[in-house]
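Presented below are the structures under discussion, each in the form of structure tokens.
One chain, subunit A, appears in both complexes that follow, with subunit B as partner in the first and subunit C in the second.
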Partner chain A sequence: MSVERIEYTSWEGQKSSRLRRIYAIVKKIFRDKLSSKGILLLLIIGMMITHVLPIIGNSVVPHEALTSEMMVKTIPGGGGYLTSGLFILFSLLFASVVCSDLISRDLQDNSFVLYFSRPIRTEDYLLGKLGGAFTVMSLFCFLPPIAFSLAVIATQTGGDYIVSLRVLGDTLIVGIFTTFILTSFGVMISCLTKKTSYAGVGAFASFFVLSVVGGVFSGFDPNWQVIDPFNLLNYSYDLIYGFDLPSEVSPILFSFALLSILAIPTTVLYYRVYRRSAGK
Partner chain B sequence: MMDIKQEKDRGDNVPLIEANDLSKWYGEVIGLNSFNVEISSGITGIVGPNGAGKSTFFKIAIGLIKPNSGALKVMGEDPWLNLKLAARVGFCPDYDNLSNDSTGERFLKLIGGLHGMSGNSLTKRVEEVTEIVGLENEIHRNIGGYSMGMRQKIKLAGSILPNSDLLFLDEPLSGTDPKSRKSLIEVIKSLYEEQGHDVVVSSHVLPEIEKMTSRVVLIYKGRRIASGEISEIRELIDKYPHQIIIEGSEMSELAKGLLDIESTISVGFEDDRNRIKVEVSNLDDFFGALPEVVVNKNIEIESMYSVDEGLEAVFKYLVEE
Partner chain C sequence: MNVSSDVKIMAEEVFVRFGNVVALDHFSAKVPQGVVGLLGPNGAGKSTFIKVALGLLEAQEGKITIDGLNPQLEPVLLRDKIGYMPEDECLIQNQNAFELLSYMAQLSGLLPEEATKRSHAVLDFIGFGEERYREISTYSTGMKQQIKLAQSIVHDPPILLFDEPTSGMDPVAKEEMLSLIGDLGKSKKTILICSHLLHEVERVSDHVLIINQGRLIRAGALDQVLKHGENRYKLEIRGASDSNKAFVDDLDQFCEVLDVKYIGRKLTVVVKGVAETKEYFGLAKQHDVQIRSYVPDRLSLEDFFIQAFEEEERNVG
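On to the complex of A and B.
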């Protein structure tokens, strides 16, 4: 039988662009998440409570410049914008919801095949998934702190913009740092189970379990505080904004804990997805 | 085991797919067992009952899983972790992992994106493939509202979207109604005859494959038990005795009459006297002679069916179980 191609123009476009493939996954996640009413609702409520009120409050109160103290230092009767507890709590809640189904659903319904029957590497798949989650998470963890900083700078009465811009730079780092840690942690929990609900609750609960363990044992040795992810994030913010670690906390143990929370989720994630995608 | 050399339609001597002693096991369960096959250009059907190893073969062929032993070459290359080859191969899985919240268009654009396509060219290509599978009027609807046939078609569109040279279609007709099945069979035939894609398609229903191609590979318990032209395989199947159950009254009289038919090998009573099992060597001869016996002896038949209609029984004949 001979083949006659009838009225058919074959695809002759570029099929080797790696970034484009990763972008396709990022775009899908971003679009899916922002079309979810639950996520939009959580985003709006979290925005109002965590970001909008502090932005208004700090903008209307007379101030000379944007200072590190506004961002992180505890003040009598309240906390810094990022360390009052609300920011990390809502960020964690948001990460639990956003990341819970990213890998678990693929495990559940075998959507891995959708990706890995294409010219996609494990790394590309993970970068796409993490990138998509990072983009959504940044709507809460990255952009609002920048908006806060810009609003405060715009309404400052003093003329020292260098100090304010330095704090803005630190805020950029804090935003990326928080988004990365919570995203990679949430996606890691998602890769450990096929159940989306387990992944969502697991990400949220594991932070609290570590916090309780840290709280209980820090009574015996203050270094246990670094086990608590909330403390770990708060101390990291302090360092980024130029403050010192609490004197009772060992810098070595703190560094080790920080390295762990940065490296372990991505390592577990890669290993788990590679095992699944590359077959057995 | 039967071994029929396949004709090569395009005249090239390099097989499209070549498996040598391919084995894959999942713990103690064997997926493929020293599977050997050569597949050339055109449409080839892989036929076998559920659990025969069809999907395992497809997953190895597209590089999703690694065989435990043996070798497989797809278009001359090892598919394991071979992205270059993955770009040339399309796969339509047997299970449904489509997102119900997504529109057909969005699903296809995601597939295109995963192949590095974008922009107007991708939009144009999406239009082309939806036209090929006949979904041009449904493409903007949510997949959640699609019928089973439409879901199979959108999966099929996804597999041909990157204009792959070779398509693996795993049970593309499963769960579809007769109308959709007919339409899908026409689409699959056109993928080779009009679009020029080589196609390897699996099914557990031999007549379905028969409507798409005359070349089949029969697979059973992870092994290839026959391959070649369907007509030759049918002849082979016909060499083995068929069993027919007949139910009604006066079965003992019928049994006597049936023994006079030349193609009857044996007749035996089942649980009660109203049911007999007939073993025949040639179905056509038997059914040609049966009405005369029934009329002459004035017997009422309530039901009659073949116990080996299922492909499983055919395979058991072929492997002499």
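On to the complex of A and C.
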């Protein structure tokens, strides 16, 4: 039921800072995502399979300290907590679901004009969107590995906490690195289409397509492995935790692939949103 | 209605081209404080002008200043002072009106608590009740237009740009929208309304700018514009067609004949002049025609618009 209209009243108050306006976007995304039953369900299932079981398992089994091997090398041939495949797979699935509608929904609703007729810049909009997605993604990619590390440190039998804390520091970097790569990739795919379903499937599928291409061509030349995003992330974790790259992989090609996955999504995203904000 | 001479928006020789299409052709205009109608047919360049003013489009030549600010150099400062109601569908569909307004208020610089209070106040102003908590995708076109207006005023900007505010609305909803704009006009804001619906703009505007093919062809305070219509009279004549024609030919002796319409044996003539009534009747008697009515004729904005276009065409021709 509509109500009797009241007179127009003016507003007098102090305008907030630029950061508060970016924070408004971050907060909205965080709130929206965590009120989605689908995302909550995926988060819980993913947590149970990927994080809770390893946390319990590694805490119960007697150990001297938290080591890099636990994170990436424990199971011979099968990888560690972060490189078993489950972590990246669920992280990718989570990124596809979380990021799919962030820009595509604005494209679909034509609501860019609502943002860019307000006192915010293209950079603020992007920082808000990426920040919101990053915060949600960190619930799966950043906080649980830290929780894993802390649980293992808390139950360690040895007294060498320096080694454990160094691994904890490396885990912080891995968490931020993984969250950033998957978030920027997911949001980039979202800015390429108006359909949220295409964006969701696109982010997931493009990782697998690259993985298949990498797998097929690595038979001819092992350097093709760096095309595979799963390998790229695993090799990056190895480097962060102080291990070497596989000898058959060229460090130059690996660096180039890493730089590409870090820079291309954010560049495409900025260019695409900037063009929209400029009415092109 | 009073029009302040204070110029709020100034365009100087603004030129915008999209490929081969010239959208604004060295457009110059001054928009004073008050409710100002930017009138023109579809494709005249009205929306382009608004987008350039907002800094959403860049002019290839010329410049626009709004309250002394350049949209290209200081877009953020400028947009703090502007509220924009776009013509196209742009609302975030999976939110309710209150959430959208509160979000937009925060993006415009209101703190969350302030944004909540202000959103409710604006929704009360536009007459939204419980429907403010319904998802926007379920709203009618009229309600969506009202929400578009609400989001443009939620941060209480001094300058408002409304692009076709009554687009797609039914007569009742149009009335409501015009009433809202009229109320906003009383709060000393500068409101620029882009429209091709002249009778609507005429009801709420203090000042008009007429644009065609990217050029300003007329501008002025509405009361001054319509003053051109003083001493206009409409005569309805009935008689034989030859007599009617002769009557019109001789009318020139007393006054200026502005418009003549023949409908069968009936003739409608719009004249401008200060002739005595008895002279019209004397002439009618002389030509054996009857004057069925003789009433003052008010110039409408539509007449002014048509005149402006005809003059423009003559000048171009």
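Quick notes on this structure:
Criterion: the second predicted complex is superposed on the first by the 261 of 280 C-alpha atoms of A that agree within 3 Å, B and C clash if a C-alpha of one lies under 4 Å from a C-alpha of the other, contacts with A are read in each partner's own complex, and residues count from 1 in each chain.
By definition in this document, a contact is a pair of C-beta atoms (placed from the backbone, for glycine too) under 8 Å apart; a residue touches a chain by one contact, two chains touch by 3 or more.
Because the structure is a prediction, the values reported are computed rather than measured.
Applying the stated contact rule after C-alpha superposition, one finds that A:Pro119 touches each of subunit B and subunit C. Judged by the touch definition given at the top, the superposed model places A:Ser197 against neither subunit B nor subunit C. In the superposed model, A:Ile25 lies in contact with both subunit B and subunit C. When the two structures are aligned on the shared chain, A:Ser255 is found in touch with neither subunit B nor subunit C.
When both complexes are overlaid on chain A, the residue A:Ser35 reaches subunit B alone and has no touch with subunit C.
Note: residues 1-6, 8-11, 13, 15-16, 18, 20-21, 24-25, 28, 109-111, 113-121, 278-279 of subunit A belong to the subunit B contact set and to the subunit C contact set alike, using the contact criterion stated above. Contact residues on subunit A toward subunit C in their complex (touch as defined above): 1-13, 15-16, 18, 20-21, 24-25, 28, 105-106, 109-111, 113-121, 277-279. The touching residues of subunit A, when paired with subunit B in their complex, are 1-6, 8-11, 13-18, 20-21, 23-25, 27-28, 31-32, 35, 109-111, 113-121, 278-280. The residues of subunit B lying in touch with subunit A in their complex are 9-10, 26, 42, 59, 62-66, 81, 83-84, 86-87, 89, 91, 93, 95, 97, 99, 101-102, 106, 109-118, 121-122, 125, 128, 161-163, 192-196.
Those residues of subunit C that touch subunit A in the shared complex are 51, 54, 56-58, 75-77, 79-80, 82, 84, 86, 88-94, 103-104, 106-112, 114, 118, 121, 124-131, 151, 153, 155-156, 180, 183-184, 186-187.
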